[in-house]
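This report concerns only the one structure given below.
Labels for the chains are A, B, C, D, E, F, G and H, by order of writing; each one numbers its residues from 1.
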Amino acid sequence: MQILLDTLSWLLLIGGSAFAVIGAVGLIRFPDVYSRMHAAGMTDTLGAGLILAGLMVQGGFTLVTVKLALILVFLLYTSPTSTYALANAAYSRGLQPLLGKRDTGAPPPSAPETEPS
Amino acid sequence: MIAANLPALQIVLPLIAAPLCLLLRRGNLAWALALFVSLAAFAIAVALLTQVLDSGAISYELGGWAPPWGIEYRVDVLNAFVLLIVAAIGAVVLAYARRSVAQEVPTSQHSGFYTAFLLCLTGLLGVAITGDAFNLFVFLEISSLSSYVLISMGRDRRALTAAFQYLVMGTIGATFIVIGIGLLYMSTGTLNMADLGARLPAIGANRTVLAAFAFLTVGATIKLALFPLHFWLPNAYAYAPSAVTAFLASTATKVSIYILLRFFFTVFGPTFEAEEITLNNLVVPLATIAVLVCSTVAIYQGNVKRMLAYSSIAQIGYMMIGIGFGTVTGLTAGIAHLFNHAVTKGGLFLVLGCIVWRIGSCRLGDLAGLGRRMPLTMFAFVLGGLSLIGVPLTAGFVSKWVLVQAAIEQGNWLVAVAILAGSLLALIYVWRVVEVAYLRPAPDSAPEAAEAPWSMLIPAWILIGASIYFGVETSLSLGVAEAAARFLLGGAG
Amino acid sequence: MFFAAILAILVTMSLALTRALLGPTVYDRVLAVNSFGTKTVLLIALLGFLTDRPDFLDIGLVYALINFIGTIAVLKLLKYGNLGTAVRELERNP
Amino acid sequence: MDIPGLFNYWIVIFLMMTGFYVVIARGNLVKKIVGLNIFQTSVFILYISMGKVEDGTAPIVIEGAKGVGAVYSNPLPHVLILTAIVVGIATTALGLALIVRIKEAYGTVEEDDIFAQDEAE
Amino acid sequence: MAVGIVRLDNLLAVVMLSGIYSLISASLFVTMDAVDVAFTEASVGGGIATVLMLATLALTGDTEKPGKGKLQIVPLAAVTITGALLIYGTLDMPSFGDPMAAIHQHVAPRYIEEAPKTTGIPNIVTSVLASYRGYDTMGELAVIFTAGIGVILILGSGRRRDD
Amino acid sequence: MLRAISLGLVLFGIWLLISGIYTPLLISLGAVSCLAVVGIAHRMDVVDHEGHPIHLGWRALTYWMWLTVEIVKANIDVARRILDPKLPIDPAVVTVKASQDSELGHVIFANSITLTPGTVSMRVAENTILVHAIATDMAEDVQSGAMDRRVTAMEGTVQTHLKDAS
Amino acid sequence: MPMIQRHSILRVTTKLLTPFILMFALYVQFHGDFGPGGGFQAGVIFGAGFILYALIYGIEAAEKVAPPGIIRVVMTLGLLLYIGVGYFGMFLGGAFLDYNVLRQDPVQGQHLGITLVELGVGTTVAATMITIFFSFAGRMRRAGRSG
Amino acid sequence: MSGNSAILLAMAIPLAGAVLIALNAKRPNLREAITLGTAGLLFIDVLTLLPEVAAGGRPSFTLIEMLPGLPLAFEVEPLGMLFGLVASGLWIVNSIYSIGYMRANKEQNQTRFYVCFAVAIASTLGIAFAGNMMTLFVFYEALTLSTYPLVTHKGNEDARRGGRTYLGILLSTSIGLQLLAILWTWQVAGTLDFTVGGILNGKVSGPVVGILLLLYMYGIGKAALMPLHRWLPAAMVAPTPVSALLHAVAVVKAGVFTVMKVAVYIFGIDFLRESGHGQWLAYIAAATILIASLVAMTKDNLKARLAYSTVSQLSYIVLGAALATSWSVIGGSMHIAMHAMGKITLFFCAGAIYTATHKTEISEMTGLGRIMPITFGAFLIGALSIIGLPPMGGSWSKWYLALGAAESGQIVMIAVLMISSLLNVAYLIPIVARGFFQPAPGHAHEPAQEPSSAGAAAAPRTGSAGKIREAPTLCVVALCLTASGCILLFFFADPLYRLLEPIAVP
């Protein structure tokens, strides 16, 4: 049983780590803020989630697991919020996203609303 | 119960009064409370000093934990003396502050001002009384932070930059002290200063201890504005509210000197070799240069407050010379000068505050004809100035006398001459003011000036009078200073 | 086992740090910092397990929280140049 | 002398000095405060690193059998640094408040501009 | 990264980097068993300090005057000397983590030994902080109180005054 | 009021879960703390359907499960793109219709979009959400409305009185 | 179609989180004896929670919840509590800050003392943090008005 | 009255007088009455000490212990007795004169004038009766400071500059050199009490003696040894009564008195003589005597000429100390009294002339002797005393000095004394001659002639414009008194000699 749990947590941790690293690579490789957000979002969600899950398996049914779960929930709440806030701030301050081949006809970002900070 | 807890009460009384002051929204009430508390603190300091003189050092274990595990208050002759200075100046300045602050600080900030003032007092007293190295740092920060605040409340906008500069320098200094304390702790495993003093000789002067020594020295030196590291001081003093200037000028740097003394002689012990080297080869020359250079700079100041500020740096030089000699005479001179200068400079700044209160400026040119219009005030200034110069029968003379004696004892004629030359430079800058005040007629456009209110004049005269009194009756200042010096040199070596 | 994960996290962190230093826009930095913060939370959690004292996860929780607040503050500043006014009010009269 | 054993200190010292450099060399007041922060934080690390005991664990007593024979790191530096951190944040807050006022009074937060304005007076 | 702080002109970035710095040091604290400190550093350095700095930036603008990036000699010298002194000081230091170092011999063991028993709480740091060195903590509280007063006095309290 | 009680209970539950020390003193302190927090929260006016959305109930759980699967899928997709040396990205900005009635619904939808790697919501407006996607096909996925429908479904009955006049 | 921006995301998230943050702060406050944390950390977290609220809902709203005057009083109360415990020890015949005398059993006395003192720390720190933020933000508002 | 309380009273009386004067600022008559009364009382008080001292007693009094081992102590010995008598006695005369002068010239700040005057006298008596070097130094400084307002009395730019020079030289020498010397002495000897035979005797040797002597001699700036004499002419911006009492008597005599004291009680004359370091001091003194006399001849301003004359005469006393023989010391000490009497007469005359005519330059004084015969008569007497011709007091002191020079085998010094006497004749007698024997120029009485430098603050003379008369009665009375004093001293030199004998022959 213990071995099973260990292996499971192993797998989860490895997976999480892999996603985290890949996300970080993306953070470097992607060309502009908006696309980097996706990479960052990756580490935030699955990377963090898997690692925490792996730890939860380790922790067993204890306080630790509860706290880990809390952290996870917390991350899942805050991460998109801050990403959204970031995208929103960047977009409304007039940072033009790099776009692909096809124009989807989205409205252009508005002009800067307030004086530059 | 009260008698046994005097050392704690010395600090905690002002400390508990500080938040209470804030709760009293009315500035006058806050002032009354602050004054009452500072008087009580003064009484306690007197009681402590007599107790110490009678029966030797007092140890007080805070929280009931035996040192070195708990924090210990250790009152010996030296710090009882420093406590007395700080508490006395605090009480006098607070008595003085009401009118002065009423003019210089917006009414809504009065209670906050007195809160900060009491905190500053607490901090300085706390630094002086504690026997624990880290506790010293904490209280040092209380006093520093509150003094930044107090300085920034000056009316001139330069008060802000001055406070900021002081903040940066003060924090660097304090951090250096922390590093030093940390290294000491690392080498000995204790924070209690007496314990440190007992353990360091066994370790000897290894590199860590040497580095700790260097950091403590530099840190304290920044705080006390020894010559090359002084540049934060003139502005800070010049633009702070008058009462604050008087208080800080006569206490803050003195307490920093106390820190240095404490570390040099109690912690490292007077025989610590690096110390001797530093003291003789570094501190004395620097202090001598400080005396000469800063006195000269003071001559060229157009603002009397700034002038006195530079003079303060020079006077700190005198104290450091005395300490640098590391002999009984030298230390006596340094400690006595610490006291005498606190009284004198405090008095002078209070007098200056009276002038500012009346004519709203302390530029040299604006003082023309004041000798006639504010005779009592200006006369006090002259007396204080004489003490600053070191004319006989004033406090300034007494300590300089002993100091020159110490220099001659060491065969250090150069320094002896420099001390006397410093007095002459002091003569020049004091006399510039006197001449303007007495011999230059007031311009017609000058505001009508009368004497400052009694509530300001009397405290100023108390200090000026004291500076004369202690020039004549020296058994307290010199006697205690000598006892402290002997204690420092003998107690730890 | 935890060690490998920690290593991975450290790599991630250093990459994020690189991004934070490279910029080029402020938003990149914010993003990197935010990401960095998340990684730190994970790192703390892993460290707790590594040292066999996993009961310090509170720190991780605090991290996550503080990181969030910090990011929000930065973004609000970036977007409005003001921290004190309610978002709603700012939206009404920009 | 155990050079690798001291390596940690050296890194800390490097950081410390970087912060110190920022404080004294940079003219921007905000940056000075940031530098001050870094400087102080490095000192904290120095303290904590001296409190670490090899194979030690955090100085919170482990209950039960697991805790028997546990080696704890030195708690005293932690206590000191807790205090020091508070002092640091207090200083930072005050410094920043002063900067705000300076900006209002001078219109700039660059040291040399401020000096220039003071000189001009 | 520290170098980045030196070089960067954009204060916002600098502030964020200093936040990261806090986070890193907090992680270091954790690795060095100082969980309480890490806790504090995380909440203070990463949070409050950053927010306050941002608030300041909001009021003062976020770019440094350019063209000041080059190294200045005198400060550099000062820094080098201080650093050299410190490194010199380290040469006689006990190695990292050495349990036989003086620091772990004198005062600390008794805390570890005794504190949980006398105060009845397992967190030694807390018991030392609040009881053995409770007076320090009181001072610390006074410091933070001073800062509060100071900020109120310098900036005015939040409430608008009609002046 | 009911929400306040429930908030208090939830808080207390969490307290008990993470506390680990069950002495009467601490439990009572916990209770007091939770009460205090509820009081403050009440003063802050955050105890409402948005701040404490217990009304979503079990539906939230099923939605979460679904979302998790989506997240995993999207993650793998983005990871592939990152690792692919050609970096096959094709960013696009699209508008997505948000058919939820309440703001809470919008929020859940927008956050879900962001949580799913590959898409980031950039601006929430009256009934649309501006989305940045790493690749056009992902944008199209979102535009297809599957997620929108699920969120709407989870939100359940329309709660007209909750419309926020922002 | 003009896009009316809505910041529901930030608002809603904040609403959700704030009570938990505050609760967590109190948790840290009272569990400082057993795990990492204590009064100071709790105070900071509490303050941070409040700051988050103020960031999103504005200073006015935050000041309505916690009027600066009251916060200021709270700030002093914490310090007074700490010093008061010290004095109390003194009145009971111990040294200043001696907790042993607070109860019959010294251990219990210590525990009580530490708890009270930490509470004092937490209170003051939280109030101070909030005050400081209010002061900064208040300046900002003033600056914004005049500029 | 016991000697001890008399000593204290000697300082307390003028100080009390100063306070009373300050309190009665609004009532000039009462104020001046107090001045006179105080002066009289003081003189009586000092006189009461005389019998005891003359009988060989040494009344002493310790005020307080200022520093450990360094009390503020007083002891009256012959030299101090002499000096005290001279100072307090002449204060009466000078007060009479001042009242006349100040009123006639309608000077500003009269109250401050009288107050500072009283304080200065108190300090002078402190110097006279000082029991140790420290006490002396304290009062020495007090004297400098209290006379500063007197020097700058007019308050204009000239007065300020003069005051600056005055204060600058006096304080910097005293603090920079004298104090150092005192400290050194204290260090070496362990005491500063004035002891017959000298406290440094045997404690130091070789060049140290020379250095110390140099420090002392130049540290006592008031002795106006060249080249540190600049302050004395500069102080002539003061009103004439000030110049008269202070810069002919109190201040400069305090200087040379200190020189004497140092020579007699610190070094001890035997020690000084044997060490041989008196030699070069004697040369400096001689050079000062001659050069100052020569400079005096070039001065057209009467007060300036008198000032340089003072510089020259002071060095007689220094010379007396430097020669370090019993005769020379007695001669030098006696010269304190003799020169005081003579020079104060001369200054009184100068002031009288100024008051009456507003003339300050010698070249303008032709023919005035006929209009102001009493003044010029007194001037002649004073001048003769300075020159050292019998039957004036000055002849005795020069005689003893010459004897001292002979005793020490310094023939050169005798020559110097002789030449100097001739020079004195050359610069003093022409003034009298011009006044008596040359006719007054027609426009002499034009007030417009008044040089601008002289007393811009002085009110133009009122009353019968153009008609020059003698100076106010009070002035004339005063100068007559001192002139007769010069003659009297010739006949009563013996008591002086006997008083001073103990210091020279231990």
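In the analysis below, a residue touches a chain if its C-beta (ideal position, glycine included) is under 8 Å from a C-beta of that chain, and two chains touch if they have at least 3 such contacts.
In this text, all values refer to a predicted model and were calculated from it rather than measured experimentally.
Going by the touch criterion stated earlier, list every chain that contacts subunit B and also contacts subunit H.
none
Once the contact rule is applied, which chains count as partners of both subunit G and subunit H?
B
Which chain is most remote from subunit B in terms of Cα centres?
Looking at centroid distances, F is the chain farthest away.
Quick one: point me to the chain whose Cα centre is farthest from that of subunit D.
The most distant chain relative to subunit D turns out to be H.
Is the C-beta contact count larger for D-E or for C-G?
D-E
Can you check how far apart subunit C and subunit E are, centre to centre, with Cα atoms defining each centre and the answer in Å?
Subunit C and subunit E have C-alpha centres separated by 19 Å.
Taking the mean of the C-alpha atoms as each chain's centre, how many Å separate subunit D from subunit H?
Each chain's C-alpha centroid was found; their separation is 70 Å.
Distance-wise, how many Å sit between the C-alpha centres of subunit B and subunit E, to the nearest whole number?
29
Centroid from C-alpha atoms only, then distance subunit A to subunit B, rounded to Å. What do you get?
Their C-alpha centroids are separated by 57 Å.
Residues of subunit D touching 2+ other chains?
Residue numbers touching two or more other chains: 20, 24, 50, 57-58, 60, 62, 76-77, 80, 82-83, 86-87, 90-91, 93-94, 96-101, 104.
Could you pull out the residues of subunit G that touch at least 2 other chains?
Correct list: 3, 5-7, 9-11, 13, 16-17, 28, 31, 34-37, 40-41, 45, 48, 51, 57, 59, 61, 72, 75-76, 79, 83, 86, 96-97, 99, 125, 132, 135-141, 143.
Identify all positions of subunit A at which a residue touches two or more other chains, and write them in rising order.
Answer for subunit A, listing residues that touch two or more other chains: 23, 25, 37, 63, 67, 70, 74, 77-79, 81, 83-85, 88, 92, 107, 117.
Spell out the part of subunit H that touches subunit B in their complex, as residue ranges.
It is residues 64-68, 72, 134, 137-138, 141-142, 145, 149, 152, 155, 159-160, 163-164, 167-168, 171-172, 175-176, 179-180, 183-184, 186-187 of subunit H that touch subunit B.
Taking the complex as given, what residues does subunit A use to touch subunit G?
So the residues of subunit A touching subunit G come out as 74, 77-78, 81, 84-85, 92, 107.
Taking the complex as given, what residues does subunit F use to touch subunit G?
For this pair, the touching residues of subunit F are 7, 11, 14-15, 18-21, 26, 29-30, 33-34, 36-38, 40-41, 43-48, 50-53, 103-104, 106-107, 110-111, 121, 123-126, 128, 130, 164, 166.
Which residues of subunit A touch subunit C once you look at their complex with the stated criterion?
Residues 6, 9-10, 13-14, 16-18, 20-21, 23-25, 27-28, 33, 36-37, 40, 43-44, 47-48, 51-52, 54-55, 58-59, 63-64, 67-68, 70-71, 74-75, 78-79, 81-83, 85-86, 88-90, 92-93, 95, 113-117 of subunit A touch subunit C in their complex.
In the complex, go through subunit G and note every residue touching subunit F.
By the definition above, subunit G touches subunit F via 3-9, 11-16, 18-20, 22-23, 26-27, 29-31, 34, 53, 57, 61, 64-65.
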